[in-house]
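Please go over the structures that come below.
The following pair of complexes shares a single chain, chain A, combined with chain B in the former and chain C in the latter.
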Partner chain A sequence: MRPERRFGATGSLGASVGVLVLGLAAAWASGRVLDLRAGDLAPGAGGWQLAGDFFGRALRPALAFEGAYDGGRLGVVLQAGRAAVTTVAFAAAAVSLSLVGGLVMGFLGSSAWWPGRRAAAVTVPVRLLAAAMRSVHELIWAVLLLAAFGTDRLVAVLAIAIPYAGTLAKVFAEMIDEAPRDAAGALAAAGASPLQGFAVGLLPRAVPDMTAYAFYRFECALRSAAVLGFFGFPTLGYYLSASFENLHYGEVWTYLYALFVLVLAVDAWSGRLRREVTR
Partner chain B sequence: MITAPVRAAGVGLAGVSVRLGGRPVLADVDLEVVPGQAVALVGPSGAGKTTLLRLVNGTVRADRGRVTVGGRDLAALGPGALRALRADIGFVHQDLRLVPNLRVSQNVLSGALGRRSLPGTLRLMLRPAAADLHRAHRLLERVGIPEKLFERTDRLSGGQAQRVAVARALFQQPSVLLADEPVASVDPARARATLALLVRLAREEGLTLLVSLHDPQLVREHFGRVVGLRDGRVAFDRPAAALDEALLADLYRLDDRDAS
Partner chain C sequence: MSARAAEVARLWRTRPRRPFVAWSVRALGLIFAASWLLGGFQASGWLTPRRQANLARFLHEIRPWPVRDTAWDDGAVRAWMADLWRLHGGGALMATLAVSVAAIVLAAAVGALAAPLAARTFACPEPFVRGGRPPRWTSRAAWTGVGAAVRFGLVVLRAIPEYVWAFLLLALLGPSAWPMVLALAVHNAGILGKLGAEVVENTGTAAPGALRALGASRRQIAFVGLVPLGLPRWLLYVFYRWETCVREAAVLGMLGMSSLGFWIVDARARNRYDEMLFYVAAGALLVLAGDLVSAFVRRAVRRA
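Presenting the complex of A and B:
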């Protein structure tokens, strides 16, 4: 058993209270800086009208197109289905790319991987690179890449994959470094190389968490891919924004429900897979 | 006592001193263990038992003196040779140090890593050869839990997990077996069974066996020789049958200097 880091058993309550107080103070301070007033949120008559129209359609999503375009009785549903498939494809491509980058950088950035004190020479540059990649949001990456390459589909994939790889690298490195090292040490004491000890004694203990986190990032990637539709990529966001601009709120809800179903499906799938991994 | 001549290696410490973190842990220790001998190490906590065991597999280096295994001076070995030597020395840790979410078979097989290449390691873990798996199964039979071969290791009871740790050490096919307080955290019946198992297996395999423990009754039952450590020095070294209460009382006496 390794000793608990950060907070000891007795210090954790005090630390939690401290964090809570700090959070409240930060909320007050940022409210002052931004000049936030709850009253400003009161909508005008037009706002109430729009909100009423929009939320009134929540229980009546459109099946057929609401505008002049005739796509058949289930036109919107089919469109949502196609867009959902495209969204999944974008997210899957982006996450698989980011997984490659995240795994490589996560391993290189973890200190458990490197024996001795040479570790920092590799881990620090890798961690800096990962931080740089994830400090730019996928929407900003999209803007930059669009300016450079135009609306190629690879642009959307890369825009998601780059910051996600940075995030995965950080989280994977932490999970690897926090896995108990006792078994790896025992294997090294029995003649295994550091790499063998890492692969057999340490990595298996980090893999369940890493798998769960990768699935969570896939879920995030679905949302990101949908939002990148606003730039013209044919994901759910593209049709959603078009319908919203045309005031076709029933269609908007259809697309929103499609996104909701996607996220639920991924959640169910990852839950099953996680049980397999941890079984 | 039958001593199989197969592959046991002797262990020798000559004038060994170790300081850890500036504190002397062992001071001028001499100990000669002939191949195939079973030796119990007794002594109060902090006497240096664990350090002595770790000297033997080279995870602790001597500051002064010579440590030899099978006649080879550990200080003279390069990293590669030291790894090869460690592959030849099994160690059963008090806290077992198994990988909880691997199968029992994988934990047992991992004992052989010191003799495998990196690709060989992957094969051993993912698609082990039938011969390796059979050997792991036979070892589990000998420690009494053959039916657990494909069980997840964290599903086992403490006693069963301990047997997996013993099987892993034996899967190495070592010539020396070290066990650090293997019975410190188990009930008396289990302690007796575990020690009997270690001693029997070591004898059958012809291994040199060093075990640290506290219970004098168990020492007398299972070992031929007992070494008492106190304050990093060898307090006594004699046949286990000669271990009497006076000797132990003196070994375990509370130090007045510590109390004041």
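Presenting the complex of A and C:
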């Protein structure tokens, strides 16, 4: 037994050190390519002014609108609440759609779903399609779909759902294939059909992990939906960028805190779920 | 038969249950249903005549312009692609890759420094040793405070999306590659710090505990006891996050910095949909290549 294995290390230390050295060299080369200079890290005079104004409002987020628009004493808070609800709606619609696509493609792409040898004829094309879908970022999908269809709320939902379905398909296929085969094997030995063995023996072993992962993707979709606001959809990003461009920094902080609370709440929810599932 | 049915019923009644998971799934299902019913995402009126005309124009104009109204000609398309590559594509691709690498190395460095302080087994009065004298309450309170503060800081870093970080940093620092690099680094430092803390907590306590019992300092434990044990697993996480960094580095250019995203938005603004598709495809190929490299490295690191 090699020494590093004895204490429960997972993996090769030699390869890791090599990778570390290569990574540092690549980072140095990247700095040269990008012409990154430490001097450019300091903001100019205008930048300092802006940083002071902006961070000065961190502990004093706006409650009412800072501009001429009068929305009442809690105008911004209500607006942030509405935007947060819209963000959740966009994320939920996108994730539910991507779950349909991800489940179908995940089954078709898993080798356990296909009894027999010719599985590759289906699994390989499905996996390639999933790879193509997830290799384009949701914001780039948004630009493409906006160019093709024009502005519509469904465009934002599709922009998130397409790459997420590709990711879910890959992860679901791996979870199905890596689930323990003991029960399915026993059922097959007792005379069950492959479909019965899959549905009763294999799938229940994979479903808890798949559920936990779906919740994690919902958490990611919240961030994606918030950012899609920068493209004009009425989620948190829209109000955040508009307030920033109007120099209403107090409002920016209100929206940032709303985003923060939203992500934190779903993070805690999906984290607890993951712990329950893996327990 | 009825004895068997009763046995089945008994097994069903005593099956392991997870009420939290069951209620979570129901709640998420309700959120899904409500968002479709009330969110205004209906597909009715989705393909109006105007939309159809727009779509037809889009599908016509994504054909490379040298062959837009003629038969497909490989040579002409290849020359067109070579031109785009020379003009902006190659440089933008390099910039995207460089941003992702610089960002992930910064994120990994910050995350590695924060990880032990965020780990409950390390940020405590007497790390890795069980029993012994009970620690003084001041020491316990101090370490609890440090751990909680670092964990909260990491949550703040990762709760704000990269795109929002880049938007804010661009305004503060002005145009250079730094806002992109820092935005990716800040968000991923939050994630890698948390994952690193889990690596520290899940590392066996035998080796660091023995070092501590022999009188090693906290810093000595970290370098001699934790780094060799945790480094491979930690690198797996770093490379997983690097795959995301490549995707995000392309996108952040949309804010006006010179990665692929800038040229995608620029082509869109000039209504050059063929060029837009070229840059999107270049980005997708870069992402796929990054995924392959990452998978290769992860396999090399995992092999013991």
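Everything below uses one rule, namely that the second predicted complex is superposed on the first by the 237 of 279 C-alpha atoms of A that agree within 3 Å, B and C clash if a C-alpha of one lies under 4 Å from a C-alpha of the other, contacts with A are read in each partner's own complex, and residues count from 1 in each chain.
Note that in this section a residue touches a chain if its C-beta (ideal position, glycine included) is under 8 Å from a C-beta of that chain, and two chains touch if they have at least 3 such contacts.
What you see is a predicted model; the values in this text were computed from it and never measured.
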>> Per the contact definition in the header, classify A:F215: touching chain B only (first), chain C only (second), both, or neither.
In response: second
> Which of the two partners, first being chain B and second being chain C, lies in contact with A:L34: first, second, both, or neither?
Replying inline: second
>> Once chain A of both complexes is superposed, is A:G201 in touch with chain B (first), chain C (second), both, or neither?
In response: first
> Looking at chain A, does chain B or chain C touch a larger number of its residues?
Replying inline: C
>> In the overlaid three-chain picture, which partner chain does A:I160 touch, first (chain B) or second (chain C), both, or neither?
In response: neither
> If you stack the two complexes on chain A, which partner ends up touching A:A189: first (chain B), second (chain C), both, or neither?
Replying inline: first
>> Quick check for you: in the superposed arrangement, does A:A62 touch first (chain B), second (chain C), both or neither?
In response: neither
> Once the two structures are fitted together, what part of chain A is touched by chain B and by chain C alike?
Replying inline: 208
> Tell me, which parts of chain A touch chain B in their complex?
Replying inline: 1, 182-183, 185-193, 195-197, 199-201, 204-205, 208, 278-279
>> Going by the contact rule set out above, which residues of chain B touch chain A in the complex?
In response: 54, 57, 59, 83-91, 93, 95, 97-102, 106, 110-111, 113-116, 118, 121-122, 125, 152, 169, 172
> Along chain A, where are the residues that touch chain C in the complex?
Replying inline: 2, 4-5, 7-13, 15-17, 19-20, 23-24, 26-27, 29-31, 33-36, 40-41, 43-44, 47, 50-51, 54, 86, 88-90, 92-93, 95-96, 131-132, 135-137, 139-140, 143-144, 147-150, 152-154, 157, 208, 211, 214-215, 218, 223-224, 226-227, 230, 237, 240-241, 244, 256, 259-260, 263-264, 267, 269, 272-273, 276-277
>> Which stretch or stretches of chain C touch chain A in the complex?
In response: 18, 20-21, 24-25, 28, 31-32, 34-36, 38-43, 46, 50-51, 54-55, 58-59, 94-95, 97-99, 101-102, 104-106, 108, 155-156, 159-161, 163-164, 167-168, 171-174, 176-178, 181, 203-204, 206-207, 228-233, 235-236, 238, 247-248, 250-251, 254, 261, 264-265, 268, 273, 276-277, 280, 283-285, 287-288, 291, 297, 300-304
